[in-house]
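The next part holds the structures, each set out as structure tokens.
Two complexes are shown next, each including chain A; its partner changes from chain B in the first to chain C in the second.
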Partner chain A sequence: MDSTLPVGKAPTALGRGLAARVFRIARVLPIQVGLAAVAVLWMLPTVGLLLTSLLARDDFNSIGWWKIFTEPSLATFENYRALFANHAITSSLVTTTVVAVGGTILPLLIAAAGAYAFAWLDFPGRDWLFVGLVGLMVVPVQMALIPIFQLYNVTGLFDTAAGLILFHTAFGLPFATFLLRNYMIGIPGELLDAARIDGASELRVFLWLILPLAKPALASLAVFQFLWVWNDLLVALVFGRRTQPITVAIFTQLSQFDANIAIISTGAFVSLVVPLTVFLAFQRYFVRGLLAGAVK
Partner chain B sequence: MASVTYDDVTKEFDETVAVDGLDLEIADGEFLVLVGPSGCGKSTALRMLAGLEDVSRGQLLIGDRPVNHVPPAERDVAMVFQSYALYPHMTVYDNLAFGLRNKKVPKGEIDQRVRNAAQILDMESLIKRKPKQLSGGQRQRVALGRAIVREPAAFLMDEPLSNLDAALRVQTRAEILKLQQRLGTTTIYVTHDQIEAMTMGDRIAVLRGGVLQQVGKPEELYTRPRNVFVARFIGSPAMNVVEVESTSDNGRDMLTSKGFEIDLPEGMLAKVSTDGADGLTVGFRPEHLELSGADDGSGRARIPAVVDVVEYLGDEQLVHLHAGEVPLMAKLSVDAGRVEIGKHVTLALPLGKLHLFDRKTELSATSAGP
Partner chain C sequence: MISVGIWIVYPAIRTFARSFFDRSGTDFVWFDNYRTVFTSSTLLTAIKNNAIWVGVVPALVTSIGLVLAVLTERVRFAVAFRIAIFMPMAISLFAAGVIWRIEYDQAPERGAINAVIAGVHDAIVPPGALPSALPSTTALAGSPRQGFVLRTPTEPGELALLGLTGILPQDVARSAKQATLPQPQPGAIAGVAWRDFRPGGGTSGVVEREELGLPGLTVELRDRAGRKVGTTSTGANGTFRFPKLESGEYEVAIGAASFRQPFGGLSWLGPKLITPAVIAAYTWIWAGFALVIIAAGLAAIPRDLLDAARTDGATEWQVFRRITVPLLAPVLTVVFVTMLINVLKVFDIILAVAPDSVQADANVIALAMWRASFGGVNDFGLGSAIAVVLFLMVVPILALNVRRFRREL
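Entry: the complex of A and B
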């Protein structure tokens, strides 16, 4: 474009463009700076945790983690080596993974099937059932702890990964069904009509049409549920004794007189990295899916 | 391929009757157009045939088989939707193959039929694309392709051209006709556009408020409309319809409106199938009016009128006029130049083109046409 402009005019055009740009930047600068400050503030604990976990065992009580900035030689991976050599911790990581993956996939599958029925199948009492389901979202977890505890004692599900998975499934279902149903109802009905005329059974409509089209909502829900289950402490504390997820394992390192900072900080950071990675990997879906279900 | 029969089919939604006692037989290989204004029940009639709506009363047959309780998947019909309803996450190929895969057609045959359909519709190059990468016209072709690849007993088309722009619509209209003639598949086509109905249908069924008004060939509907509604719905611009009083005096029959009088040929009123007690309505088409010079006494009525508006179309002109209190519309030739606004003109109307209707029942009282 520049080459087509008369040479004499170029500087003024450039000058005006520059002034406009400076002005624009000056206008948004305070907002940008403010946002950056908030971001740093929010990240501070995480960074602090990471750096603390890099300190040697003897340094915890004597120096603050920010010293690492000035003395990088203080950093050591000794805590991590110790952590992964600790059988209790590694087995609790496995438990957490099993529970989190199972507690994500199972409710999602059930909720997707239920949501399809609520959205697109006609059956008596459908709308009342759905209202009831929405109502279930307000039931707090604490209310179910004792009854479920008794139930698990009888059925032998106490202190098993399956028990934890089932509990998280039960409490994930209402919201998951609600969100997916609202997303699926936005799928044009003519698509389903077309598929049915094309000879597809309800199962095929569900598997080949509904599930692929609901992918954004499913992905965002999966992230949501995964984070919830991974970070859960209360449920695991109640229903696990030897089946300990990482949150419980870290928690038990705290005692009245002592705190094993090396294990706590390192374990907490490891436990934090997984959901953080999941979130970052799926954040595109996460934002879009939650919005899509709500406003469509 | 098969015939389709609506035997006294009724569809009720809660309080409203969408389709009321529809009797319609569509022959094998026929192209039938269901036409009517929006909300007339034409889409409901089609969706019942597809199995997407239950039939409240009456019987639906495809061939000799009653299908009232047969699920859509087993009716062996294919449907083209106004929105095309393409599966957005599948390629064109998969869109076409979906119906065949549901029926467990062998892979090799699916491939052959999909490629064949793509070739017929001239879209072989699009086969790997997803719907969102296609233009409106191309999506429409995929929707058609999805129907023909199934080789069904009948095509059901629900306003398939409504989302296309005007030029593409005319072109696709002809393509659908050609395709239907080539395949010879029974087709039921729903539209609100009477031009589509006239140009495409072997026969046309006009619906209004869920009630069938008339079924017939396009020329039948045009020349011998059964009632005022069909008379005005078919043909563009719509037929002029004027309330008249009929008088018979010394063998001289006359129709008198609030704007003009028409001398009828001797004995014509006697043939009117109503006694005229409720009065008559006369109808004549804008295209049958012409500008008149002197009275040539050739069996034409003469209507003096004043020009209000002229819509010049190039090859002809649509003239809005009023004769006394009666508004009229005339489609006139442009040979003598554009008609001037405000000018007093005399319109000539061949008496053979007059339609008489009973004013109360709105039914045709005589078909004056050929």
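Entry: the complex of A and C
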């Protein structure tokens, strides 16, 4: 489009520059306004949840959250006070935290060791094993629910945080190993050889060389896995009864949505504050992990 | 490796085996569970819905991501914009489901989506002054749907009495005043529309004390041929007047628009709209994923190629269609395939958005698997069979992934 400007006949260089600028702004402006509108629209539902959770109990049935914009006095923290006084909810938040942290650290450690082996150690069938592992990434969780349910019932892992952590570990491993192996293989081999020649054991090489070098990939994965486990509903729903994370705790309130809207909206907002904070703080890592894997 | 073996490989095999056994797990029933999967109506609904998901969502999400990625490319606040769109990705599908459950509420006073539709709807088609009414005497004929008309024609100089009843007190406008009988005027038709009802009795067809006028009604005047020759609306005391009429006989009517219902809200969470509603919520979440991946792919396209095409006189659309999209094809495939896998496994968000009563209508395979195995029925045989069906649907994609990966190896 720029090329259609009458290049030769422009009165002055200044005038032409200005005209081109005005022209460009006029062309981009509608796009910018449109995109800004889309962005606002995209964030509005989340804002809606926050404002809904601020409505007083009596107001839920008669007014919508947007009324708070015109009448800020409608907002109250009463629901949050009630939520944090609710023992079932606070203990579910603790469960969620324990499972999410454990379900992040454990698979990361195992995957890092495995990835190192896949990347830098020679053992028979290595590549085939790795391909098999990658293939497992798309095995739906559903394939494992029933047998593990029975297994947990026998072993006593049912309804424990450990059971949830182990399940998330297993299903997090293929992706984590895949990502880390691809990252570690990019570490220059001379570096490893030099360390080995200096007499470092494999364990030392792994702990003092590989892990620090793989930090960015580990960070990406940690963010990923943390969000994944924190946000999980299905696994917790199957393997938990009294040990329930916040998602399940809210789920049990859902059947009477209108009556429990206070606890549902407040709980849902609390449950998304943590992953949202993690995401905003580490979004660079998150996006990087997404680009590296893009398969989970 | 061992833990992967215990938690993934062994269960997968067990599930496969278990799917050939009955509910209690003691009798080998061959393919009976699979027969159930493909014959029972709930499971067929699940398969049908999943097919809709597969057909709509990956394409929708990929194209939204593509359009937004191309549009944000030249915008200064692209990073902020991408974060805004991407944010729902951090939220659990379940919490997102709760969010949308609130927005989809049927009552326009509570559900934001219906509130917006109601706002637009009522601005284009304003609701009538009264939701419903009945004639108080046989002098009026008709219904709120058609409007009411006086049976006997009226001549200039006469009065038209439009008595209505069957009106809830809260439906009468606040501005309504005591109904009054207007003075007849030569050459004009005057009249009154009022709530012809008084607690404790009263005579119908007569304007009495404590009976309110009905303001805001549209009164139409038609000639003998049925052509509309005038419209006016009633005042606070219910009176109206058509002045300066030629002599003759006229029909006085209350237009149906006076009784138009305000917009009551679409039942997004009802059985008909639930799947599109959940799909929209799901798209809200995943569009950011597509946007980020595609934007990264876009950044890798050599600038000079696009600029060269533009210098050669290609329009923006041609550049997009002939250069950008083909060069992005691998990235678009990644997004599409990822969405395909995700959509096959969609679960949490349906559980959150769909109320219990319509979950059967919103059912998908993953949800059906959970409902059959853990949702009260506890039929592990059937549940396993559904899981295997789900797995078999993912296998072709799995094969694709492994192949792609081995090429990279």
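To be clear about the criterion, the second predicted complex is superposed on the first by the 249 of 296 C-alpha atoms of A that agree within 3 Å, B and C clash if a C-alpha of one lies under 4 Å from a C-alpha of the other, contacts with A are read in each partner's own complex, and residues count from 1 in each chain.
Here, contacts are C-beta pairs under 8 Å (C-beta built on N, C-alpha and C of every residue); 3 or more make two chains touch, one makes a residue touch a chain.
Please read these numbers as outputs of a predicted model, since none were measured by experiment.
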Clash-or-fit label for the pair chain B, chain C on chain A: fit
First (chain B), second (chain C), both or neither touched by A:275: second
Touched partner set for A:227, first chain B, second chain C, both or neither: second
Contacts of A:125 with chain B and chain C, given as first, second, both or neither: neither
Touching partner for A:255 - first (chain B), second (chain C), both, neither: second
Superposition-derived comparison: chain B or chain C, residues of chain A touched: C
Which superposed partner A:72 touches (first chain B, second chain C, both, neither): neither
Which of chain B and chain C A:238 touches, first, second, both or neither: second
First (chain B), second (chain C), both or neither touched by A:30: neither
Gap in Å between nearest CA atoms once chain C and chain B share a frame through chain A: 20
Chain A positions touched by chain B in one structure and by chain C in the second: none
Residues on chain B engaged by chain A in the complex (per definition of touch): 47, 50-52, 71-75, 77-79, 81, 83, 85, 87-89, 98-99, 102-103, 146, 150
Residues of chain A defined as touching chain C within the complex: 1-3, 28, 31-32, 34-36, 38-40, 42-46, 48-49, 52, 60-66, 110, 114, 127, 129, 131, 133-151, 166-167, 169-171, 173-174, 227, 230-234, 237-238, 247, 250-251, 254-255, 257, 261, 264-265, 268-269, 271-272, 275-276, 278-280, 283, 286-287, 290-291, 294-295
Residue ranges of chain C in contact with chain A within the complex: 1, 3-4, 6-12, 14-15, 18, 68, 71-72, 74-77, 80-81, 83-95, 98-103, 105, 109-112, 115, 284, 287, 289, 292-293, 296, 310-311, 313, 315-316, 334-335, 338, 341, 344-345, 347-348, 351-352, 355-356, 366, 369-370, 373-374, 380, 383-384, 386-388, 390-391, 394, 397-398, 401-402, 405-406, 409
List of chain A residues in touch with chain B within their complex: 188, 190-191, 193-201, 204, 208-209, 212-213
